[in-house]
Amino acid sequence: MSVVLNSRESILTTFNHFREELDDFHDTRERLIKSSRDVTNLSKKVIFLIHRTLTETLGQSDEKETSLRAVSRAKGKLKEIQNLFAGMSEEIAGDRFWRYQKNVSPGLQEYIEALSFAYYLQCQTMISYEEVQKSLSDADGNPYFPLPLDDYLLGLSDLTGELMRYAISSISRRGGRSEANEVCKFVRGCRADFEALTPYFRELRKKQQVTSQSLEKIEDVAYAITVRSSEYDLPPELLDDIVERTVLE
Amino acid sequence: MSVVLNSRESILTTFNHFREELDDFHDTRERLIKSSRDVTNLSKKVIFLIHRTLTETLGQSDEKETSLRAVSRAKGKLKEIQNLFAGMSEEIAGDRFWRYQKNVSPGLQEYIEALSFAYYLQCQTMISYEEVQKSLSDADGNPYFPLPLDDYLLGLSDLTGELMRYAISSISRRGGRSEANEVCKFVRGCRADFEALTPYFRELRKKQQVTSQSLEKIEDVAYAITVRSSEYDLPPELLDDIVERTVLE
Amino acid sequence: MDAQNLDHINQLLDKDVELREKIKDQVTEFDKKTRTLTGLLNRIHSTPSSQVPELIATVTPVLESCKESTAALAALTPPNQFWRWKDMWSVSLRNAVFAAALVEFLRSGGLLSLPRAAETLGIKDEWRDRFALSAEDYLHALISMVNELSRLAVNSVTMGDFEQPLKISTFVKDLFAGFAMLNLKNDTLRRRYDSLKYDIKKIEEVVYDVSLRKLAPSQSNKM
Amino acid sequence: MDAQNLDHINQLLDKDVELREKIKDQVTEFDKKTRTLTGLLNRIHSTPSSQVPELIATVTPVLESCKESTAALAALTPPNQFWRWKDMWSVSLRNAVFAAALVEFLRSGGLLSLPRAAETLGIKDEWRDRFALSAEDYLHALISMVNELSRLAVNSVTMGDFEQPLKISTFVKDLFAGFAMLNLKNDTLRRRYDSLKYDIKKIEEVVYDVSLRKLAPSQSNKM
Amino acid sequence: MDAQNLDHINQLLDKDVELREKIKDQVTEFDKKTRTLTGLLNRIHSTPSSQVPELIATVTPVLESCKESTAALAALTPPNQFWRWKDMWSVSLRNAVFAAALVEFLRSGGLLSLPRAAETLGIKDEWRDRFALSAEDYLHALISMVNELSRLAVNSVTMGDFEQPLKISTFVKDLFAGFAMLNLKNDTLRRRYDSLKYDIKKIEEVVYDVSLRKLAPSQSNKM
Amino acid sequence: MDAQNLDHINQLLDKDVELREKIKDQVTEFDKKTRTLTGLLNRIHSTPSSQVPELIATVTPVLESCKESTAALAALTPPNQFWRWKDMWSVSLRNAVFAAALVEFLRSGGLLSLPRAAETLGIKDEWRDRFALSAEDYLHALISMVNELSRLAVNSVTMGDFEQPLKISTFVKDLFAGFAMLNLKNDTLRRRYDSLKYDIKKIEEVVYDVSLRKLAPSQSNKM
Amino acid sequence: MDAQNLDHINQLLDKDVELREKIKDQVTEFDKKTRTLTGLLNRIHSTPSSQVPELIATVTPVLESCKESTAALAALTPPNQFWRWKDMWSVSLRNAVFAAALVEFLRSGGLLSLPRAAETLGIKDEWRDRFALSAEDYLHALISMVNELSRLAVNSVTMGDFEQPLKISTFVKDLFAGFAMLNLKNDTLRRRYDSLKYDIKKIEEVVYDVSLRKLAPSQSNKM
Amino acid sequence: MDAQNLDHINQLLDKDVELREKIKDQVTEFDKKTRTLTGLLNRIHSTPSSQVPELIATVTPVLESCKESTAALAALTPPNQFWRWKDMWSVSLRNAVFAAALVEFLRSGGLLSLPRAAETLGIKDEWRDRFALSAEDYLHALISMVNELSRLAVNSVTMGDFEQPLKISTFVKDLFAGFAMLNLKNDTLRRRYDSLKYDIKKIEEVVYDVSLRKLAPSQSNKM
């Protein structure tokens, strides 16, 4: 390529290259947006699948067992999503990832929300950054792309909303009632951990308000359980038994 | 299906059907959104192709000839878009079109903008509703879907913006200068025609402001040409010749 | 635009404007009926169970009269344009289905199925591309019914009826399990579905109170 | 979150925060240089063409000094993170490229190509995943140059130089034809590209005025 | 513009500015009184029913003093301009009507009618084109009263008064049935009316709690 | 609520709803006329000055027909309720005044005063408590006229009429000086008045272009 | 511009930029402390009342350390410029006052007065033109405390402490009565004050639940 | 809250409200004067240069009268509260400075410095903590003056004065170069400064038009 362009032809040739480059960029961007939408949709389905599994066996089996069944069902679907990311990995290899990050980000966050939900039910803890990154790596442990810190945190922040739903439904599950207290403690911890990070992530600041609202709802559930059982001077299990007998009679 | 559902099983079976129905709806919707994005992108490319063709031959050939070359290039690309619509037609057959209209609408409007631009260059008139509908029909003249009036009008409204760009560039095209006056008249007519329809289409009302701005820009171009040539008591062609000779010398 | 095209557009436009007016008038009529329905059904909160059949008897003719509205709307809607116009009447339709489903529960304790709900309101299968009961509208109506049943559970106890809350509890739990099957988007249905959990919680509390006071007579031979 | 994870997150965060600060400092430096550049180049509007070489001579060392800034930024940016941080310096970079391209036009009448622009600013090909001159930034710089050239066309005439507008006219038209090749989205580049048309219009008017007054000396042996 | 035209317009504009200031001052006065009223009435939530008559006795003179405000506003408003200025005082007026209606309920258990509300605040019929109590303002005040009564139902129980919730429940249900028959087109009013359902639900739950624990005579034969 | 109270309120509410519908219908009619007016007047931008009288001749009967609308609205509005309903028609009224003022300028080069504007539209003084032309609406219409005149200055030149911009410039500057003496507190009006500066600037630039090129008789001794 | 004028202005501008940076750094420090404070105080929702004194003991030194921040800010702010810079730190200051007031309530059940709040944070009266605690900031902090106390009422019950809600209720009602007597013109403050009603309602409902179930000594003779 | 605390807070709040009212009244007065000033100075666009001295003579007493306003505001503002209230009058103050600077340019062709501007408006150095002319306000006023001068360049030509644009061009270019050396962090100021480029371009185009047509002595050796 000549160093200084002196003729119309040389300018047009150069700009032809620019056109190809820009078209290529926009096409890739478009493909990634579509893939990200697919990831979002699948992730939402995983979340519903988990809630569904937890509700299905309402009061019929052990709480822990129910959770694990939900987790194992979710894992299959999560694998599908991971394959979608694997498929995208070539287009966002090397320095290209950061060019397209904001197009990939919505799907990625929704995936992290679903993954961390399953993880919580399995381990009762928060999935770590490294574990999320590992789930987005090939068999040899090579990441498909570097996990952005903000996507990780924003995905986790949405988890608290799902946990709120989980806590509210658990009130009508036998034994599952103690679950509400566990979730309450966990979400309280999340809120505190996120609080320290809000100065660095504008969007997290906004989501923190939603988390606070979710926490208040969970606290209300825990309160309602306490108030109710405080009126009678009987151990909680016995109360549960009495209610169950009346309903099933 | 039983008429009144009395057992948990019968309820679950019924809701299973609902799930399939809803999933099916969301999947179709998602596919159509993606297709609509493709249509949008292709249409934008058509518009740029037209502008490009008009600029390429700057001052080298007859204005009419240039326009027709732009139109013939555009037609090939427009055919591609029409094929995309043909591909979507099955999913939006019969009563389903109106269910998905708002998902299809962005692409459809952009297509109409591109199509009407090519049509204007060819015929110097506004493409009619029936011609747009015909372009969205199979070989036997069966429409892929009914053309919504609002999409037709909103697409046409965007045309005025492209015509403004066309008018501004034409000022530096030999002979093309009279073009600015033609476009000015045409857009003035558009604005008047749309004005009568604004009470019925909220979005058109907003776009009408953009059209008014475009019209003012076109009027400014026509004004500048007049002011300039009024200073000398020579016929416009002669002025053009003098300028051309000086620049080419 | 040339005159012919403008004419054509104006014709299309006039037809739509006129149609919208006509549908609006019918919807106003339909709406009056459904407001009467909800007004009448609001009385269940202060009607002892023994008098519920009489209350239902006053509701039935109004519900029947909704058939005229659905027929009129089906007649107005052009072929294939169901989805174009349905938003205009879906609030009224949901209210009518709500009333029908609540009446069915009060009568039989069971869930009115979608086809049966359509039938009750006189919606014919052959109108499918002009007027139908969509899954979404049906589901909204069921949620409204649950909202009302949680109030009813509370008020039944006040009126001394301790059986009703137990019936409601079983019914609503089954229905909730059904809703849990669905994959919802972040839309109104999702938001209302989330709110269902609070209704269930309230009903559970009533059941709990009733159970613990052992006030409920033996249910074994009734359910 | 367990302590280890929190630690890990905080480490990542601290590294980013620190890096951002460092880049910001470098950009502030870079920005000062480009402001000096635009300040100096603003003088072309009142500098007779005979004295332009001297003006360019004052600009060249500042332009040269930009190499330090690009090198410092390339050294700071971690591998593969070019696109992550580039927004921080792209305004300064565009201004530097604008200056380089304008100087090139004033010197040779030709267009500085992208690779040559990168070279002028000391940007090395092997930095590609840390610091590069993107097509977008280059194009923005060219548009800024055209904005300035339309002013220059006007002011040249005021200063009695009737050749410059003709040179500018030919150059800008060629460049515009190049821009017309691109498919742009509705973004800043598109908006600025649209505004180019007004610059061309203004230059055309100057050429027109100059031609009609037949003030331009014969150009045949010069262009 | 000729001087006469200008003068004419300026007079029109100036008169408005001055009048607005005067009305604003009166509204500030009125507002102080209604804030005192709501402050005093807020005490019902911690006043045993036996002492309510004394509380009402402190409220009555303040309510009486509102007549001065309505008279002052009626005197300021030019003939025919009621609808021009009413938005300035409608918040205060609604608060005053709210207080009057709540006092009436506490005293007699009955509903203050619109004409009686106007009378209580000294609003004269002959002021009609300058100052009146519109249906809309009256209804807003009633809704505020229901909001307060749902709180009162809760707090009465806390204070050991188990009869009050039953009275409130009957009164509010009756009022709600009345609202249901109104043709509410107004958006804000409609939305606030919808919120009444939550108040009713809360009141029903209080009655439920009381009945369940047999803290008050059974309601089954009362409702 | 007792039946009488309910009835009373419902009557009040229903009367308003019905009246609103009737006014709305009249406003739709009025709006059609003003749309026709602006449509016709829009042609001035492509009508040579010699044919303007004919254009005005087509406008006059439409303007005349607006009297029916103002009379109908005055008849509908209950005594004293001008300020309640005026927002419904003020857009149409401003458009009508705009048309009348523009016609007056085109015909005589002078400014239509507020009383003359009211007279042109058949607004009677004795309707004061039901229908009037407020200073605010009149001023809005004048600002719209200036917006249109700045476009006309441009388009007149395109049509080869170099005198019109000078007339417009004198007229608008005088009007602007008038506006500057008004005590505008109203926010929308103030903001629109501020925008007038752009119109004036545009007109001044047209006058400049014309004077510079000596396309019209020199202005130096006229302004 | 002559060099002296330029220099003068540039000095003014630069001094501000520099000062802003320094204040920003101090505010960041202050903010860290108040974040730690709110983080620690957030634990009250899961701390049994018996362990609250220990929790307070961990809070006190952090609160003490805020004195350094207020002193640093007072030292930085030029005389007379309190009102220029105060917005930069008011969020942090409100958080610190919130913490101090909450600690006071937990310790003594009483309200921290404005002068005492200033004293706790080491704010000296002689800094008045550089750093002070405004009434507005103090009131914002109190409202935040009430928001927190309504949550605490709920969570105390969950932890089995049925006395705390009663204490909170009395305290908050008293505070609310105080607020009602203030002349709040400030919009944000007014809106936040209005939101207090929800907190009070929530607290009343907790007290209701506790009283109804006789979980704490009867309130009827206390309130 | 105890009575003392309440009283203290209420006093603080009330004092502010009252002061705000008083300042507002003074600002209204000040604003009237500055509106008169801009109204008078607007006439420069149609005043031949020979009559400018007379125009200035009418402006001077009004400018002088502004001293009363600045003195009144300085008297009202409590010590140390300059930064609290300055936003209330800064629009008026900028307009006054704009007028003073424009008058200075018209009289001497030179730039009014900041201290001289303060002096002209009677602002005393010892008021520093109550009333001062900030660099920001001064710069805003200068930008407004440039906006006006670009209009004046155009209108001078219309009036046949071909020297004025050349003077304006030199003055504005110098001022612009000054601005380019300032460290503008302030957003509004920065944005307005960017807009100056359009004014300069316009002025350059006027000079171009004049030079091209040889209406004024050649500029080549002047710039």
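Just so it is clear, A, B, C, D, E, F, G and H label the chains in written order, and each chain counts residues from 1 on its own.
Everything that follows uses one rule, which is that a residue touches a chain if its C-beta (ideal position, glycine included) is under 8 Å from a C-beta of that chain, and two chains touch if they have at least 3 such contacts.
Here's who's who by UniProt: C, D, E, F, G, H = Translin.
Keep in mind that this is a model prediction, so the values were computed, not measured.
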Contact-richer chain pair (by C-beta pairs counted) among B-D and A-D: A-D
Whole-Å separation of chain centres (CA-atom averages), chain A against chain F (Translin): 58
Chain B and chain F (Translin), separation of their C-alpha mean positions in angstrom: 34
Separation of chain E (Translin) from chain H (Translin), taking each centre as the mean of its C-alpha atoms, in whole Å: 51
Multi-partner residues of chain H (Translin) (at least 2 other chains): 181
Numbers and ranges of chain A residues touching at least 2 other chains: 26
Each pair of chains that touches, named by its two labels: A-B, A-C, A-D, A-G, B-C, B-D, B-F, C-E, D-H, E-F, E-G, F-H, G-H
In the complex with chain A, residue positions of chain G (Translin) that touch it: 31, 35, 38-39, 42, 45-46, 151, 154-155, 157-158, 160, 162, 206, 209-210, 213, 215
For the chain D (Translin) and chain A complex, residues of the former touching the latter: 1-2, 4-6, 8-9, 12-13, 16-17, 79-84, 104, 108-116, 128-130, 135, 139, 174-175, 177-179, 181-185
Chain D (Translin) contact footprint on chain A (complex, rising order): 1-8, 11-12, 14-16, 18-19, 21-23, 26, 94-99, 101, 125-126, 128-130, 146, 149, 152-153, 189-190, 193, 197, 200
Footprint of chain A on chain B - complex, ascending: 26, 30, 33-34, 37-38, 41
Touching residues (chain side chain E (Translin), partner chain C (Translin)) in the complex: 173, 177, 180-181, 201, 204-205, 207-208, 211-212, 218-220, 223
